[in-house]
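Two complexes follow with subunit A in common, the first pairing it with subunit B and the second with subunit C.
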Partner chain A sequence: MTRGNLFHRIWKERSAYFFILPTLIGFLFFSLKPLIEGIRLSFYEANLRQQVFIGLDNYSKVFQDPFFWLSLKNTFLFVVVLVPLILFISLFIALVISKLSSFWQSFFKGAFYLPAVSAGVVMSLVWLWIFNSTYGLFNYILSIFHILPITWLGDDNPARVAIIIVVISWVVGMKIILYSSALAAIPKSIYEASEIDGANSWQKFWNITWPLITPMTIFLLVTLTIGISQIWEAIFLLTGGGPHYATTSLVLRIYQLGFLYFRFGEASVYAVVLLMIVFTIAFFQFRYLNKKLEF
Partner chain B sequence: MKLLFYFSLIVLIFLAISLLFPLYWMFKGSFEMMGFAMKIPPFFLPHNPTIQNYVNIFIQYPVIRWILNSSIVAIFTVGMSVVFSCMAGYAFGKKDFPGKNILFWLLLSTMMIPFHITLIPLFATMKSLGLYDTLPAVFLPSACNAGGMFLARQYMSTLPSDILDAARMDGAGEFKIFTLIVIPISKPLVAALSIFAFVGSWENFLWPLIISGSNSSRTLTVGVATISCAGGAMIDLGIAMSGASLVALPLIIFFFMFQKYFTKGITLGGIKG
Partner chain C sequence: MAKPRVEITFWGEASVQFQNSIFTEGYKKLHPEVKINLEEIPSQNIREKVMIALATGNSPDVLGDYIGRLGNWANQGFLASLSGTLSVEDEKDFMSSVLNQFKIDGELFGYPMRYWVISYMVNKSILDKVGIGDIYPGTDFPLKDWMIIAKKVKELGYFATCFFANGRSGDYWMLTNFLIFGANLWENGNYKETTLNSGKGVMALEWMIDMVKGGYAPSGVAGITDGDYLNFMNTGRSVMQGRTPGTALATETLFDNGLLDYIPDFRVVGTPHASGILNPPLFIGPSGYVVFKEDDTEKLKTSIDFAKFVTSKENSKKVCEAYQQLSARYSVRLFEDQKCFLVAQKLISENGVGDLGLSSPHYLEVRDAQFPELQAAFMGKKTPQQALDDFAKKIRNIWKEK
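The block that comes next holds the complex of A and B.
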């Protein structure tokens, strides 16, 4: 294509550029520029008033900080526990729902999606009450079974369990809807054919359902991993990162360092680490899994 | 096999009840005085129901101001993000122009950038522009939304091209085609985009928390969170539950009004295309 030809085509389709212009400007100002700024700040001693270039000092400071490794470990722990649990629960629910009539299907989809649509703040506040060790519902239920009260949000592992329960309760709703749509897309005739061949439910699941919903599982795996690695809100509201930093995550540290202590440089190091994690996940998705996915 | 199904059904019902129960518990608690709400063993139905908590929260805190702020933020977020998403979605879904693929993937990749890395620079920019603690600072960063643009492209690319070509033949300009043909036949898309933008803006927490320094730009969600708990400690149960109910109520009403668009939007944006 000649140069003049290209300009001619661009001029002919000028309206298309007009249509994407607002989004493009938004992208430049609210994503690309702050992204570059954020990476730059990680090499600076920065607060609200001044910025001084200090090379890799922030990095060596952060990598020697035990709280960094602790928050990385906690974040990893939440991802490793939450992602498979959410996938399993939502697939289980979607499978059971798929056997019901369409009225009950949309009833249950709505029931599970309702907590997801209620704000994270709302859910966190209610669960904060339910998990309260003296007047919360959870310990009351345990007491019925003669189990001694647990200080849910005051001990390391119970606090982690509490966070996990809260996050599950508000994340599964959307995943159920996605799994349901993947299940509904499987042609009934495949199941009927396998029934003639004498396949039982177990075989039908592993030989037909599971392979056909694998693209959805991969999609959910990737988006959930990226999402949970940024876990923050429930922790901020339920435990504030405690007890003894047992639930402090990477993003919570970004908030604390950046907006409580105004140590922008160090906070940016955390953000860069988070960016690397997310990009690694995204890279593996494109490198190894994209063949199976149809966008 | 039948047995397994019935067992699964029981688990399903148990899960549904345990997920919905916190919402019931919140509304119940919001109509009880603190002493009754904190009683163990608990009352499972509201004991001596009263609206005193709601009266208190409205008297003690600038709740009306917060609701107003949240509404203004929601209106601008919905308006801007829906219009911009539809415009970009139309160009990417229905037009062919040099650089289209590169631009699309560039914009879509912003979905992958964790919002948190942009947090500090955005905060600094807003501060230097003198927008700190103003409503535009709260809604501007959500005006463009890559997810919404993706959803719009998926939807628009399925629109029949011959209607648009026919209009072009009749001499209609691109702007006319967009406003008079594309938008009217994309009503389900506009509905889904608006709903998601509204819900997202109403429950948004981290950015509004950081950028609002006072009640003049604080949203309802941020306001309720800040008066209810501090680092994992509940301050006043009645205030917390009535506040949480105020945040949740519009979302729940919205959900029941537009349930089918929620499901459609999620599946359209989730995968396929």
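The block that comes next holds the complex of A and C.
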């Protein structure tokens, strides 16, 4: 396309461009500019007082830092466990509530969405109480069944499980709503036709529901992968990255390096690495999972 | 309305106990030509907020905060020097152990206002309940007495104490347990090398781990937060802990809020001490007011004047009463009818103040480095010696990286 053609096309569709302009400006100033600035800072030794160009020194320092690999491993672990788990749980709940009356559907959607609109700090206090190893709710329930108490936030794997439970509770509400809308969009006539052909529930799900909600699944898969890769709030509020770094994620480390220790250059390296990982995963997810789909 | 001659920005700590507008309105009455823009900021956000303000060139003119954070800005060269701005009378009126913490290389960077003191406390109501009120400790509290009480209260289902390692603050509470064995975080003002990994420090950490294993303290220390630590004593589950004397005044509120079914009798006692360790010091944590560097001399002068006004005797009294903390000024005498405060003050004057290095160059990073190593020790991933050695190594790395 020549430059003249491009301008001509923009002019022709000017009303459409006018409507996306506010979002575009927001994206340029609040997403693209910080992103470019972050990449630039990764080549600088930067603190609150000065910025000195040091080439790839920050990269070499970060790649030799055991905390980087540890936080990368933890982040990867959370993505691998949480993404499929959230997809499965939200789809399962959406399927169950789709059979209910509209009143109960709204009730359950609202109930599951509630944690997402509640303040994270308040929610974390509740969860800290639930996970307390001495007087917490979970251990109280375990004690009823004569199961020994678990030091939820005081041991590696229980702490990771605790974070996973909390993140699921915060995230799953929105995914249920999205899956519910995808399920509602499937024409009933397809199910009726399959029933005439004698299809059972599993066959209906596997041959009708699943293919027709795949676009939504891929959308959720990509956005969840991006979102969970940036996991930090639940960790920050519940474990602070502990016990002994067992839940330290890449973004938590970015926060620590940037906001607590003012090592902006190193924090930017983490951000650049995270950007590249997320971009690569999202690219391949769209490229290879998306190809047989009709939107 | 005439345009104000000088306009300054004041960031005060947001608090339910105290409204910073008392300062701004009081100063405005004396100096109607000055306009003060007040912003109240929750203490948990203040570090990030100031950092962003500094990065964007929008720092406040006067800031009130905890010294652990203020020292950080001073060490990075953002604060105006206040040396020579105090009158002789004021200089004498400020407690030297507090005022000295607002100095770096002899240069004054802030005016102190109030301070908390970590004093060891016992819940006397529980001691009475288990029939050992008669061995209630005084300002001298040998560890062997501590153990007698611990065994007794444990038999009746109470925890003797509580430890925590899932913290981002409250380092002073855990460090108080090191004082029991005479282990100090720093010695002789050398903030580049900790002495916590000495034999005494290792002994202290081994003791804490043994107390958990023996059921004298709650398990899962690596996951226990500083909030849990306070709750254990507030709700009568644990009997002896390092606390602030203000806690004793708050017990009625806890009762009123239904958190307790009785009003416990919290008392300040001496920090327990192992055999051969005498008079363990107490940790104090001052808060105060600083002035950021400013090219406009009139604005700078006004900011300094305002910070002095804020920390005046009259204001100090109001603030300390509201926060239930002691004043940094000798002349401001408070809580004279409250035994907890009196005992704490007596202990400070007799035993002195421990060095947390609150205004040392990397205090915040050192504090953050401490908890993961404690977690590792309590989880059994490292021996106490390894954990404390790794902590010492981290401190060396922090200095090296800077």
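Following the convention adopted for this analysis, the second predicted complex is superposed on the first by the 254 of 295 C-alpha atoms of A that agree within 3 Å, B and C clash if a C-alpha of one lies under 4 Å from a C-alpha of the other, contacts with A are read in each partner's own complex, and residues count from 1 in each chain.
The working rule: a residue touches a chain if its C-beta (ideal position, glycine included) is under 8 Å from a C-beta of that chain, and two chains touch if they have at least 3 such contacts.
These numbers come from a predicted model, not from an experiment.
J.: Please determine, from the superposition on subunit A, whether subunit B and subunit C clash or fit.
T.: clash
J.: With the two structures laid over each other on chain A, which partner does A:155 touch: subunit B (first), subunit C (second), both, or neither?
T.: Second partner only, subunit C.
J.: Between subunit B and subunit C, whom does A:48 touch in the aligned arrangement: first, second, both, or neither?
T.: both
J.: With both complexes overlaid on chain A, does A:276 touch subunit B (first), subunit C (second), both or neither?
T.: The answer is neither, since A:276 touches no partner chain.
J.: When the two structures are laid over each other on chain A, which of subunit B and subunit C touches more residues of subunit A?
T.: Of the two chains, more subunit A residues are contacted by B.
J.: With the two complexes superposed on chain A, say which partner A:193 touches: subunit B (first), subunit C (second), both, or neither.
T.: A:193 sits against neither subunit B nor subunit C.
J.: I'd like to know which partner A:56 touches here: subunit B for first, subunit C for second, both or neither.
T.: After superposition on chain A, A:56 lies in contact with neither partner.
J.: Is A:93 contacted by the first partner subunit B, the second partner subunit C, both or neither?
T.: In the superposition, A:93 touches subunit B alone.
J.: Is A:132 in contact with subunit B, with subunit C, with both, or with neither (first, second, both, neither)?
T.: The answer is both, since A:132 touches subunit B and subunit C.
J.: With both complexes overlaid on chain A, does A:259 touch subunit B (first), subunit C (second), both or neither?
T.: both
J.: Who does A:114 touch here: subunit B (first), subunit C (second), both, or neither?
T.: first
J.: Tell me which region of subunit B runs into subunit C after superposition, given the options 81-89, 99-107, 171-179 or 207-215.
T.: Stretch 207-215 of subunit B has C-alpha atoms clashing with subunit C.
J.: Using the superposition described at the top, list the residues of subunit A that contact subunit B and also contact subunit C.
T.: Comparing the two interfaces on subunit A, one with subunit B and one with subunit C, the shared residues are 48, 125, 128, 132, 134-135, 153, 239-242, 259.
J.: Spell out the residues on subunit A that touch subunit B in their complex, using ranges where they run on.
T.: Those residues of subunit A that touch subunit B are 6, 9-10, 13, 15-20, 22-27, 30-35, 37-39, 41, 48, 89, 92-93, 95-97, 99, 106, 108-115, 117-123, 125-130, 132, 134-135, 137, 140, 153, 169, 172-174, 177-178, 181-182, 200-201, 215-216, 219, 226, 230, 232-233, 237-242, 251, 254-255, 258-259, 264, 267-268, 271-272, 274-275, 278-279, 282, 293-295.
J.: In the complex, go through subunit A and note every residue touching subunit C.
T.: Those in contact with subunit C are residues 47-49, 125, 128, 131-135, 149, 151-156, 159, 239-245, 256, 259-263.
J.: Can you tell me which positions in subunit B touch subunit A when the two form their complex?
T.: So the residues of subunit B touching subunit A come out as 1, 4-5, 8-9, 11-12, 15-16, 18-20, 22-23, 25-26, 29, 37-42, 80, 83-85, 87-88, 90-92, 95-98, 100, 103, 106-107, 110, 112-125, 127, 140-141, 143-144, 146, 149, 174-175, 178, 199, 202-203, 205-206, 210, 221, 224-225, 228-232, 234, 237, 240-241, 243-244, 247-248, 251-252, 254-256, 259, 262-263, 266-267, 270-273.
J.: In their shared complex, at which residues does subunit C touch subunit A?
T.: For this pair, the touching residues of subunit C are 47-48, 51, 54-55, 76-78, 165-168, 218-225, 227-228, 232, 237, 364-365, 368, 371-373, 375-376, 378-379, 381, 401.
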